[in-house]
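In the two complexes below, chain A is the common chain; its partner is chain B in one and chain C in the other.
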Partner chain A sequence: MIRVNPQLKKEIERYGDFNANQCFSCGTCTALCPMGLKILPREIFRFSLLGSEEKLKEAEDAIYSCLLCRMCEANCPQGVKISENIRILRTYFTERFFKI
Partner chain B sequence: MNQKIAVLTLLSQNIQKRKSALPLPGFIHTRWAKGLGLKRGGETILYTGQMYQIVPYLLALQRRQRGIPSRFSEKLIRIILLINPVINVSFLGTIGAVKREERDYYFGVLKKIVAHLRQNGIEPGYLYEKELYAGTLAHDLGLERVFKEHTRRLLETFKKDGVKTIITVDPHSTDMLKRVYPKAVKGFDFEVKSYLELLVEKGAKGLKAKKDEEVVIHDSCVYARYLDVIEAPRRLLKRAGARIREPRFSGEITHCCGGPAESIFPEKAREVAKNRVDELTKEAKTIVTMCPICHLNLKEACGSGARVEDLALCV
Partner chain C sequence: MSEQKIGVFICHCGGNISDYVDVEGIRESVEGLPGVRVAKTNMFSCSDAAQEEMISIIKKERLDGIVIASCSPKLHQNTFRAMAKRAGLNPYKYTQVNIREQCSWAHTHNREEATRKAARLVRAGIQKTLHARALEPIVTKTHPAVLVIGAGIAGMKAAISLSRMGINVHLVEREKEVGGLIKKRESLFPTGQDGRETVKALYEEIRASHNIALYLGAKVIEKRGSVGDFSVDIRVSNGETVNLSVGAIIVATGAIAYRPKEGAWGYGRPGIVTLKELLDIISSQREFRHLRVNGKEVETITYIYCVGSRDKEHTYCSRYCCTAAIHTSNLIHEKWPGISQFHLFRDIRTYGSYEEEYKRALSRGSIFIRFSPKAMPEIEFEGERPVVKVSDLLTSKEEIEIESDLVCLVTGLEPSPNRELTDILKIPVGKEGFYNEIHPKLRPVETVVDGIFIGGCAQGPKTSQESTISAMAAAAKAGAMILTGSVKIEPFVAEVLSERCDGCGLCEDICPYGAISIREESGKKIAVINEALCKGEGACVPICPKEALQIRGYEHETMRSMIDALIEGYEDVSD
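Let's turn to the complex of A and B:
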């Protein structure tokens, strides 16, 4: 069971230009990522859009292991700002969970 | 406490209190410029962002860390975070572990950059002790509040000194100052240029590569995909007479060196670096980098059969 928080997307958007909703899950980013992220950018984005904070929290390591190298982004057919979205999620984590 | 929170907390303390990710005393981060006669400040300055200076100290810190048995590390992390606001633990941890040859190498890159600029008619100033780190790690790791505070400090430093044009030496600081700062802090209206582009603009005079050496280019992902600096390093190398080889993934589709993961996931970073070294060494045994983080990461992953050289020292 996934607990859903409809406000999550809005809260994340407070930290910047979050355009994950443009992702149509084609998988290009996953295929190109040199980190071979276990939870793929598209899944992380889906958790954020669905409002599943729990699932998002489980993806914490993936969110922090992204290199922000933009290899995925350069090839994303939807123009998703993948690295910026990841950075925004990190800001959300800092404020919401780590309180640093 | 997990490693991630520890790193973020330490970073946040260091940047807020000592204005750098790895705070070095002023006499250390300015030592490279000793004897060069760079004037203090001025309208056009060379901005190092302390990046090349930090690398040998980062290497020292990593060596120290590896020597600590993991059963002690949890306790030690708690103690470090407790005393760091008072004592500069990051720097303290490097004392006695810095290798002279590593320090000389990275300081030597900066000296060479100054020499190249001078040969091309550019005489920049330098802010010496007043020069601040660009805050890249705070920005990239989502320490937004810390980063915002830092942007104001950097802006103030440049404004106070009447700076108009900033010459950068590494991709991360270039991206920060060129792309991120103008959006993050009002009034950040300086002209920012990497030394690579500037040398090309000035005709790239006086460059000379080693005779008959083949080199393979490793593009920094920040230069290539954030700043579109792809041609400039190639032009400089060609102008110097180097024989350039391109890896399978180069230019806009360059592979990252893994460096950005180093602070939180060092093992994964090493794996990415190893894969990249394998790709690069298929083409030539001398790898050319243009970023101190790429240099550090690829060098650590390189076997004895290959070497990694900063572009400034190749030309």
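Let's turn to the complex of A and C:
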């Protein structure tokens, strides 16, 4: 169960130009991901938008497994800057959970 | 009938027919039948060469009628009627027998049976032509005025279009103001044009047009007559009855916004509104820094789509609501960017260029959550605060809860409550309660009643853009008809055999078009047909206990002789 928290998205947006909301959930990115991690990257963005920090935390490995190869980004029909968004999420993680 | 001379032409249709039907065999079998002077086959009857040859045969042999056994009458009936006319025949002394769609194409596996069926249909066709009477289309003069019912955007546009053609228009609106569904709306998609200003501009043009009479607070109470010559009574606002003579009627009675039942979706409780109510709230607070509901600043709005659409009660899609809701959310994003907006949808139908609105909402931060009709969102309350629960199809059915300050039920359109008008006009209503066109693609604004057209949301939910288009199409059809000065109607109408009729009135009751009335003529009660109203639909024929009614072109004698020809040689099965 996810209790929607609009604040999380606003929080993440402070770290850069996070444009995951352009995503219309077509799944092209997930199909193309060479890491084959099912959660990459569509669902991660969705958890960010819905504001589930808990779900995001569960996806930590996936977020750091991303090769930033941009296969998904080059093929995204909505122009979501996927690799940039992943970087923003990593920055957020680093500050929020690892306190670096 | 024995002195009649007719010609029978059987078509190969290249091989479309002759590959599966023994065309030459049929020709031989009908040659020499009583009345058949000529029997020939053609490779392509519709070709110019074949038509010229048939014309010369008709003239040389002085034929009284012809039968062409070929394709469906839908394809070439008009072609061959015109040919018969060129040959000097009455077009109604021509019968088309369909041995392609109904024989060769339907029975490719069995040549013998296909041939047998075709031969019998041809024999029946011969009887039809032998019994055919020379008929003329019924011509009615058109009265140079049009009645437009409903003064929403569709009715007003139709009235103005007709007025500009120089046709007098009577525009009747049951409410006290014009404008219908958009009269209070501010921003209309796709351009953001102000609905109130649009209505005002149309209203001013109507007021300035010398040939449009506008009746507000008025309603239609009676309609008599038929295409070209309707006589309509309306009751105007001061209670008086006004009689109008018009050649055509355009029905643009619109639709109404669906209102959920009290209690359903939490409707009626604070914070739960319909799309229309949300727009009213925005209008009243557009000057303020914050949007407030019940004194509390709104931070989260949740939209639930398809409320009153695509469910058991309303099986249709209301077309405009997805775009209208997204357009509304864009207005909110612009005016109050701090508000988070969640859209719970089944399918987003922002078709065509309306897709731009959807993209804009996505880029401004609207979040779309897809639900299944099997698991509709639920609204619970924590204190007075609504919490919407939904299973999100886009994150493998994750259960999501959205605390919301405002829940907007994106409601569709319902047909206007028009039962009385429908009964008066006798135009058909579809299973959803909207008025039906004859054909959705080929005759989209005409009804089965000649001279009555439909436009706008009376026909089904439409965007304001689509309403205008259909209203102008209706105006063009009505205008063309009026300006021609007269209308031609197929002569296949009912006729009364007065010596048999005893005026019992069963036919008057069953006629769905109100075309039959019982009158007193030289001391005898008798049924009288209004030919302009009659559709030749035939309900009156079997109900008559005296066989006193028949459809012209399908007379009792014609039909009996055709049936005899079809079953000739079979054992009597009447026992």
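General observations
Going forward, the second predicted complex is superposed on the first by the 98 of 100 C-alpha atoms of A that agree within 3 Å, B and C clash if a C-alpha of one lies under 4 Å from a C-alpha of the other, contacts with A are read in each partner's own complex, and residues count from 1 in each chain.
FYI, a residue touches a chain if its C-beta (ideal position, glycine included) is under 8 Å from a C-beta of that chain, and two chains touch if they have at least 3 such contacts.
Note that the coordinates shown come from a computational prediction; the quantities given were computed from them, not determined experimentally.
Clash-free side-by-side placement of chain B and chain C is the outcome of superposition onto chain A. When the two structures are aligned on the shared chain, A:Val4 is found in touch with chain C, with no touch to chain B. Touched residues of chain A, counted separately for chain B and chain C, are more numerous for B. In the superposition on chain A, contact of A:Leu49 is made with chain C only, not with chain B.
Judged by the touch definition given at the top, the superposed model places A:Tyr92 against chain B, while chain C stays out of reach.
Rounded to the nearest 10, the angle made at the CA centre of chain A by the CA centres of chain B and chain C in the overlaid structures is 130 degrees. In the superposition on chain A, A:Asn21 makes contact with chain C only, not with chain B. In the overlay built on the shared chain, the residue A:Gln78 is in contact with chain C alone; chain B does not reach it.
Superposition on chain A leaves chain B and chain C with their closest Cα atoms 23 Å from each other.
Shared contact residues of chain A, touching chain B in one structure and chain C in the other, are absent. Taken together, the chain B residues at the contact with chain A in this complex read 4-5, 8-9, 12, 139-146, 221, 225-226, 252-253, 255-256, 258-261, 264-265, 268, 272, 275-276.
On the chain A side of its complex with chain B, the touching residues are 15, 34-35, 60-61, 64-65, 67-71, 73-75, 87-95, 98, 100. Only residues 299-300, 340, 342, 359, 362-368, 370, 392, 394-396, 398-403 of chain C touch chain A when the two sit together in their complex. Here chain A touches chain C in the complex through residues 1-4, 6, 9, 19, 21-25, 42-43, 46-47, 49-50, 55, 78, going by the rule given at the top.
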